[in-house]
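Shared between the two complexes below is chain A, which has chain B as its partner in the first and chain C in the second.
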Partner chain A sequence: MDIPSAAPRDFSATNFLSRKSFVIGLSVIALLLLSTSPFYASRYTVVLLTTIFMYIVLTVSWTLFSGPTGYVSLAPAAFFGAGVYTSALMGFVLPLPAIIVLGGLVSSCLALVVGALTLRLRGIYFVMFTFGLVELLLHFILWWEVNITGTTGRVVPTLDNTTVYYLMLSILVAVILTAYFIKKSRFGLALQSIGECEEAAAHTGVHVTALKVTTFAVSAFFMGTAGAVMATRWTYIDPRIAFNLTLSFLPVLMAIFGGMGQLYGPILGAAIFTYLEEFLITRFPYYYMLIFGIIMVISILYLSDGLVGLVQKLWNRSWRVKHADT
Partner chain B sequence: MPILEGKEVTKYFGGLAAVSRVDFSVEQGQVVGLIGPNGAGKTTLFNLISAALKPKSGSIKFKGTDITDLTPYKICRMGVARTFQTVKVFPKMEAIDNVMLGSFFGVLRGMSSSEAFGRASEILEFVGLEEAKATPAKDLTLSNQKRLEVARALATNPELLLLDEIMAGLNQTEVAQAMDLITRIREKGITIIMIEHVMRAIMSLCDRIIVLHHGRKLAEGTPQEVASSEQVIRVYLGEKRHAGSK
Partner chain C sequence: MLVTVLDILIAGLLMGGIYALIAVGLSLQYGVARVLNIAHGEFIMIGAFITWTLYILLKVSPLVSIVLSGPLVFITGFILHSTIFTRLRSSSPSTAVFEGKSMLACFGLLFIIQNTAILMWGAEIKGYSYLAFPVNFWGAKFAANRLITLGFAIAFGSAFYFFLARTRLGKAIRAAAQDPRAAALMGVNISRVLALCFGLGAMMAGLGGTLISMSYQIQPTMGLEYTMIALIVIVLGGLGSIPGSFIGGFLLGLVGSIVTYAQPGLALVAYYVIFMLLLLAKPTGILGR
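Let's look at the complex of A and B:
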């Protein structure tokens, strides 16, 4: 388990440069392929990719906050739902870009309030509160719609698949860049210090409350924008569709499956997880949950650091074999 | 003007007075020892000074400014750094990153990454951990983890350093190294308050000693005065043949 952290760093310039240019090159190729795929890929692929992008956005933004700090938030569904509802309420009023940004901002504000109230809670209490938040919002809006507006559910103006695809891809790129720069910065270091020993972080000059609440809000922003975009794919939404608890659990599972030590972990985890689910549903409609469950159990038992841990283990092994004769 | 001044500082845990109306005053450049039996309120007093806890009553002033109601990060940035009785390093972070956090956040004027890296490297060298730069803190020995905590505290540019039992659990050689480190920190002009049970260290390093007992200040004075005080011998030091390891 400790192999990744115990492995000596290679500071030699050539190795560093080649690794960096490799990652940049790969990202550019991936981005080129993804940004042109609506021209040659099938309609099904485009829709599936959009779903994968959505899960990557949720998982990366979840990991942005919960990964380093260790505060396990089950609020993604609340922030996603807030974005969905913003889209539903403003769909016929505001232009599309404004709706998406507004969806993000509404979620951020929600996160600021919730964060200021609850981020002093540690461990299981924080988990339970964020879990409760989804239910609270769901039932509050249900109550509001039944008693105040007298409606349930709303119609959302729809967009064509390609537009939704490009919007989601843009949010995906934005969230990955944000996560990358936070991780590389001093704030990334501070977030990690909070996760490892919050008390010592505070006594080393880190304004832990401000940092936690702000990062929580940044993470919620991207979830909100994703919700605002996805709402347009559903035509009709009601509170139970918007605030779906599955969307709170899946990002957590995907992040664990992918591994949180590296930025590519949650990306890989979400992509493979979503594809696997889709593949199993279409091929084995009757056994899909069973197979899926077995895969989850195996990966938790044997991949304690997720796919990242596996990749690093294989990498170290091949590196050792290559250098064994020196 | 004293660098640190406490008036009637009081803290209750439930009905128990952990620290009760304690006055203290520390002059710039001094090394002050804080001793007393377990449960006397020494660490609680550190927690009150560094704002980990809020006092029930009384006031604490740092360089004439009232810091009683401030939060830990502000007090750290003002120039009061601390270590912990039970080691609290960031276990998975490399030693250099532990220290860099202090350079980034513990100072009033922010610095660039390369500046922070340079300073953190110097400080690691100062405490004798230059070899362990890239080692995750959890893989260091207890003695080295304690040095790392001191390094992290020094990275915040403190004027006052609170050391909570940095010699507990160390062997003779390591105690000697820690004593040398404290002397060198003092030579930088940093004021030190240290909680310690190693009497040899306390007696040779401190200018003044404060003795706490049941949350109250029992005695205060030079090491000689404290060591010869009847009361202190009775509650803490024990009979003469046990007093210190001289």
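Let's look at the complex of A and C:
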């Protein structure tokens, strides 16, 4: 099953954002602003930005695998949760950088196993499997904690907001660079060919299974590191917090909301969606989930190519109008 | 010893009846309308809460409120399909795209329905007692309401099966399941038939909810667990097969009661393990093609 990607690229006028120097300049400015923001922004802004970064990491790493291949994975919550739990179990044992890397590695190992077992399943079965995975882990750990260790929930050593902010920002930069280089490489081209026609890709010499499993594991790595970092912001975690199914669906929705044809689509989608969620929580504490649901349905109904697709459509239209006489 | 075996067997059958009924609804929605309805459990929840409200406020017997909860949920489902999913279907370039998008729309619906219910009824666990006296089976005791639940589940399931197999409308539904385009060319109003299927699937869930509310506690967040179970059952029975859903439902009910006897709390884990093994070994299920 494939999720609609943005309309085929039109090389005439739509590349206004793809011009290399412009993009690089913009990214450098954004990075400078973001890396200095704890010095001048309010504490609230820093915390909000951390949440936004987390969702961007989840969305970009989801798109890394599911965007080109068309396999809709509902496992982000499982990989994120694996990172959260690694952090909770090892929090008082290992130094911080080791925990974060370990969180990522645990998630990738999980992804390797799951991927090797299931990536031969097509379409809806893969969706169901990954959907079930989150619930399986949740209920297994619940059972384990109640019956074997006799506890539910764990205390996680906390870090100050600024440290969490910089950690998340570094993961964000890492995941965006990884996504960019994969997209530009032969590796990315091969992934794209799997999404278009898997049999044809295999016949042209692409090692289909290995490629899919590796990319799945790479995308899980970043989700795991994000989980390991975010765990330190919550002082207490239990399986229901760590393996929250909403975290499986939100990255998918954010990617679609932003548009998956370009790298900046999911980034934009995640940022706007998270800000919207935050805004609704503060404005309508009782109704925000309801409004959020309505926004989800509307964006699926009316934004089929995402925000980026919409902008490109409008841009194309105005460009055509301008050049209509020639 | 015999009593224990009987205990486990009958408990499994009683649970299995409900599983089968809710799975039939989901199977219809996915098998014909191609909507993987993640919000299926929310329709169960609505059915349960309608019944609860009627019983608490007006003392209406749950067996009477079936007449109301079923049609109400059916209409909700029908309207949802004719507005949201019909539009998605016409704007999607392929079935695969439609399946992905409609599943995500269902997730949005899950949020909407669940939170509307929380606003209306509050988030607490609720329940009522109806026909809770014990009935004796050769030494094994069961509450009367569970037996009635099983009876109704079987009755609804078979009535539905005959509707599909024998009536003209049922034929149209089966035609739409096999090949929507050909069915449309043969004069089947495909949009209406698909909306009907989605509505009927929701109705099965609503009826299931009414039955569930008689013997189990209910709360607005109860839906997802039942959705998962229904998903597992339809994969077990074969996607889109109604008899398969029934067999799968009873099988899963039996497994659940055996595991609960051996290690309470692991039943859900066992379901997921079965689900995953099944997807790996035979994703087409018992009766799947």
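Keep in mind that, in the parts below, the second predicted complex is superposed on the first by the 284 of 326 C-alpha atoms of A that agree within 3 Å, B and C clash if a C-alpha of one lies under 4 Å from a C-alpha of the other, contacts with A are read in each partner's own complex, and residues count from 1 in each chain.
By our rule, a residue touches a chain if its C-beta (ideal position, glycine included) is under 8 Å from a C-beta of that chain, and two chains touch if they have at least 3 such contacts.
Predicted model, so just to flag it, every value in this text is computed and none were measured.
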- [ ] Scan A:Val28 for contacts with chain B and chain C and give back first, second, both or neither.
- [x] neither
Open item on the list: Per the contact definition in the header, classify A:Arg186: touching chain B only (first), chain C only (second), both, or neither.
Closed with: first
- [ ] In the overlay, answer first, second, both or neither for which of chain B and chain C A:Met296 touches.
- [x] second
Task: First (chain B), second (chain C), both or neither touched by A:Cys197 - done: first
- [ ] Check whether chain B or chain C contacts more residues of chain A in the superposed model.
- [x] C
TODO: Could you tell me if A:Val206 is touching chain B, chain C, both of them or neither one (first, second, both, neither)?
DONE: first
Open item on the list: Taking the stated contact definition, name every residue in chain A that is touched by chain B in one complex and by chain C in the other, in rising order.
Closed with: none
- [ ] Show which residues of chain B lie in contact with chain A when the two form their complex.
- [x] 50, 52, 71-73, 76-77, 81-82, 84, 88-93, 97, 100-102, 104-107, 113, 116, 134, 136, 139, 152-153, 155-156
Task: Complex contact set, residues of chain A against chain C - done: 1-4, 70, 72, 117-118, 121, 123-125, 127-129, 131-133, 135-136, 139-140, 142-143, 146-147, 245, 249, 252-253, 256, 286-287, 289-290, 292-297, 300-301, 304
TODO: Enumerate the contact residues on chain C facing chain A in the complex.
DONE: 30, 36, 84, 87-88, 91-94, 96-97, 99-101, 103-105, 107-112, 114-116, 119, 224, 228, 231-232, 235, 239, 265-266, 268-269, 272-273, 275-276, 279-280, 283
Open item on the list: For a test of understanding, state which residues of chain A touch chain B in their complex under the given definition.
Closed with: 5-6, 8-9, 186, 189-190, 192-193, 196-197, 199-208
